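What follows are several structures.
Next come two complexes, and both contain subunit A; in the first it sits with subunit B, in the second with subunit C.
And now, the complex of A and B:
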């Protein structure tokens, strides 16, 4: 690149200087350009469909639905990143979701009542949730053991898991769908009863702003402590302002989705409020699945970047031999990625079964494909060692926005799949092209 | 750090490997080899492909277990069954290619497997970068790229990162397997300077190399291996390159070789 620049005539140099200035400014903020690009792509997709639909798509209620629909896949994609980064694959995630969702349903309707913990017992849902998370961890751990310690390829182990676990769902319930979950548990699925309300939503925004500013200050102090170069002040302020604006904006957006009219009337009666003309507006705020996605993304990013475990996963993905020779317990590291995946599947299963108020035989079916697609669209490389957790979450939203936008505009589901498949290939193709160009520089 | 090693001037060799055997199936990759290393000394290990040099060193670095034989570290018999054991005895290995995780940065590589953590158990990247800057400042003062993945670095810089890892963790015994094989002339010179510097700090180095000039330039003693056996260990000053080449090719000491065999080599 540098060679091309030196021989360039004056006007081009002028243009180059401008583009250099912009690039320099972007570099100063240390924003991940890939993530930034994906955010723009996501916005582009949404506004494209928004215009197609005659300006109906982008409104709070639709966006909340979209995010809730993507939440399970987004949560699982954070774990899939670590699995793919360490050169494995997990095809069984959809079936784990199926088994755990069915377990939640059976625990609450059948098994726990048999032990004397009935649907009326206030902590039943917590017990069920804990057992479900445990089942997820056990399944993941068992598969991880076969992969890491016995040495069976992950593709085979989890392909076996995909088949046998889906069969287990049928065996668990003798082929029947199960419904009737505890009300508290159903909140995990979001919707009208599973949103945290106006005040709590603003509180979340406040906490987020404090956390963003705190993190920026902390990082700056850390770098100062050792006398390392720090970001220019304007960049720090800009980043903080963008972060806080995003948190406040999203909260305001969530708070502008309201309780449906019928329920609002009921709410007014219950709280002794006289309904104003035009109906009472009760803001719903963030639904629980969105908070779970945010929480899981933060926790997983922390694990991946600030803990030894994450460091080892990436180092192993970059060079398994080097990791082994550095004295890392690589087998246990790999097994842990699968345990974590199992737990994340159990969280996704909680959202899925809570939304259904029960479990059918096909909960989570084909999820493995969407989860892998989300991770890959989010920049995770099958060559190992490369991939970020926020990227995968964005990838999940990109894929879901496509599906939602198409179906919103009346495109049928087979066509949606055609588009999703093509987008997957194009996204990865562009990424591969960019990386190849980047590596020759 | 490694300055401490300079103080320990012991009569006992740093490392003694006695009667080491390593077999793969029926093949003796290393057959009854004994070798030793003193503080501040470089022992060059030479031989043709498959002579068993790397396998012998892998037994010392913990990458492969010896089937029989004894390893003494500072006069004490020790068992080394994995890389962690070796590191606990201050044995560090610089491999020609396998050394680094390409996708993480230099500090992460220097501390790989032995990260500095805060009291909450989180990675202390600031402290690690700081320590890495200090060590690299000694080894390669021009090095500035502490935040990019090491795959973007030059071969010499990568080797410096690998050596920084060994130096930071007080290596007393260093195994270098073809440290200059992938490097250009300028970078090779850099690594040679590094080796000389490490030597003055009292570190003992096993140097495996195909490059006979490298070996003569840097080593105090030279051990020649041939088909898994040790042909002999000589002081560098007692032999010349022709003698060593003859040993590598014929598997015999020059005085044992017949005149015909030696004559054939000269052609």
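And now, the complex of A and C:
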């Protein structure tokens, strides 16, 4: 898989022993080769555009923009994996985003102030957020009910949702864009004011590092306890080191993205700092959307691989009848995947509307396609039962890095769509080819 | 197959010819028209809308047409095609069946509306192409000057930023407004000359699929990143319309850019609020209220048997600022033709009223309030009292 995605020649029977040894070592670390390959593909794409732009693309500020732009789709893709794994589809996600984003905007500018909770009340954004998440869960739950309990095909239910929810956005706003959200809420969208700052970023790195090492130690103990084979010690140390280095590296990277000069001067004045020659450097650190992506990815991975719900989803996707006969409450499981999808859409809508400082009629338009594409590029199979959450998140980054890279190099958005479409087909084509080859061997 | 198609073309040409003659003064013996001429008070003006989903049609255009028509003693009827070309053809037939004497048509599809024109021509009903051009010499075309919108955007921007680094954000590449009319308006205001003389440098030039705000925002963020990487400072953004301007402003804010002049058009609420906050420099505004009045008055005059070419807008009906540069009498307008390219040989000439758009900046926001387009509460929502423009104080 890895080789196919990076364009390296596929190994044949005459492949030399070195590659076998490397494969053996990789197997010992239990690194997911498919994910590893996607990471390399992502790096390849970015590097390609980096050269094309004359060495200007790969910089902290630009990478932060890229991740923030991908964050909504990445978050929704984690839910889409579970939906597709359980042999359903959700075409309504873009429209759910539209409805919830418009709801946030109207709640903050219109509905809540009418109830006496104005823009100046400090908790207004939390109330709006909670209601928005609730709306997302309700919409998802209703669709899930129709699919799981009434038995209407998910394609039809969510196609209906795609149309009627998008229409509802028009009705909610009577066709106009709404703007002017609460400042606190806007931080969810990142940008210069929505970043956590230098210290907090290092703290995140520290916590991540400790968590990674802790997890490795805990896993090793658990495996010993239940008599499972453990990874060789060198692999454990290597993984821990790589994980820690990645966390610290990413934090350092995020911290080398600075406040723009004008705002830095303002910051210096406000904090009574005399500006050094060459301007004050105020590190921004991680923006909120990136933390949300990381948080959602971790939570969803945990849910999918460590909780009963996740097991049920994969069991159902692998063989619905067997899952049913094994006593799994399959209907409730399916309905839950759609509720979860609705909530994730509401999170994505918060990022989208916060970035825009409002909502237009087309927020989330055609997001369903990007979300499904991200999940599929990330290795989720329409045959059901197969797909990983980190894969889908990486898939979202791959798709967005194509769009961003092209845009950065001044290529028009219609051309971006052409490239995105072709990459989607190639990625899935290679995947299918590799799977077939793997199964016949 | 080929002969049949040829016959169809001939047939269409014949009908077009008939349409032309029926609109000319010599054809007053047509039954429908003579009846209308005898009693203007019985005039029934029918409007076929393509959609009421965009709020402006029902909120601004419709009441103004209706009031003008009813004030002149006529009857107003209408139908909404809900973005459906076929539905619009049915609507036109049923409106004519209801006794329409004049048809005002906001075409859903300017090419697909042909059969509706035939139906109207057969019934001897003159057609007003409202806001959207129909490529047919028999129609009266009433709209705002779309090239003029581009010119007004660029002129206002050049006043604010006469030279420097510009970013061009265009709309959907498939829309002739985005690819032809607005950019040629920019050039009329001197964009190309300024580029040639080196006064203005174009940092980037991007189209925006479907005029999407999100796409415009994503593109603008990438452009800012790219400019930052090059050490280039962007001085102004020429955005073609309000939905893209909204995305541009969001991108500038996300990147912590100091507010720089941004253009737009449409008079959308969110954008006018941005003008009041100083986040958008100019919003070229097409006052749909005035457009509706002109269409209503023209419909009544056509009912009374006035020849299209000698139609005039009654004195004092509309605001002088939006009056056509060609004067209050109908003028000839050369269409770009079906291929959208000017001077390519397929143009036709229609009778027209082309109103002038008004550039709105923080200085003349009071026009928005005076016309009732927005209320002060809405326009000035969230505006900082200290830096508020005059209209918000």
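Here, the second predicted complex is superposed on the first by the 425 of 441 C-alpha atoms of A that agree within 3 Å, B and C clash if a C-alpha of one lies under 4 Å from a C-alpha of the other, contacts with A are read in each partner's own complex, and residues count from 1 in each chain.
One rule holds for everything that comes next: a residue touches a chain if its C-beta (ideal position, glycine included) is under 8 Å from a C-beta of that chain, and two chains touch if they have at least 3 such contacts.
Bear in mind that the values here come from a model prediction, so they are computed numbers and not experimental data.
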For this session: Could you look at A:119 and tell me whether it touches subunit B, subunit C, both or neither (first, second, both, neither)?
Result: second
For this session: Go through the superposed model and pick first if A:104 touches only subunit B, second if only subunit C, both, or neither.
Result: neither
Exercise. What is the contact status of A:355 with respect to subunit B (first) and subunit C (second): first, second, both, or neither?
Worked result: second
For this session: Quick one: classify A:410 as touching subunit B (first), subunit C (second), both or neither.
Result: second
Exercise. Should A:370 be classified as contacting the first partner (subunit B), the second (subunit C), both, or neither?
Worked result: neither
Exercise. Now for A:176: first (subunit B), second (subunit C), both, or neither, which partner does it touch?
Worked result: second
For this session: Have a look at where A:321 lands relative to subunit B and subunit C in the superposition and call it first, second, both or neither.
Result: first
Exercise. More subunit A residues touched by subunit B or by subunit C?
Worked result: C
For this session: Once the structures are superposed on A, label A:225 by its partner contacts, choosing first (subunit B), second (subunit C), both or neither.
Result: first
For this session: State which residues of subunit A lie in both footprints, the one left by subunit B and the one left by subunit C.
Result: none
Problem set entry | In the complex, subunit A residues that touch subunit C | 53, 56-57, 59, 61-62, 65, 68-69, 109, 119, 170, 174-180, 189-193, 259-260, 262-263, 352, 355-358, 360, 362-363, 365, 403-404, 407-410, 412-414, 417
Problem set entry | subunit B residues touching subunit A - in the complex, by the definition given at the top | 61, 63, 82-84, 87, 93, 95, 98-104, 108-109, 112-115, 117, 121-123, 126-127, 129-130, 149
Problem set entry | Interfacial residue positions of subunit C with respect to subunit A in the complex | 53-55, 173, 204-210, 212-215, 217-219, 221-223, 225-226, 228-230, 243, 246-247, 250, 253-258, 268-271, 273-274, 381-382
Seminar exercise, completed: In the complex, subunit A touches subunit B at residues 222-223, 225-226, 228, 305-308, 311-312, 314-319, 321-328, 385-386
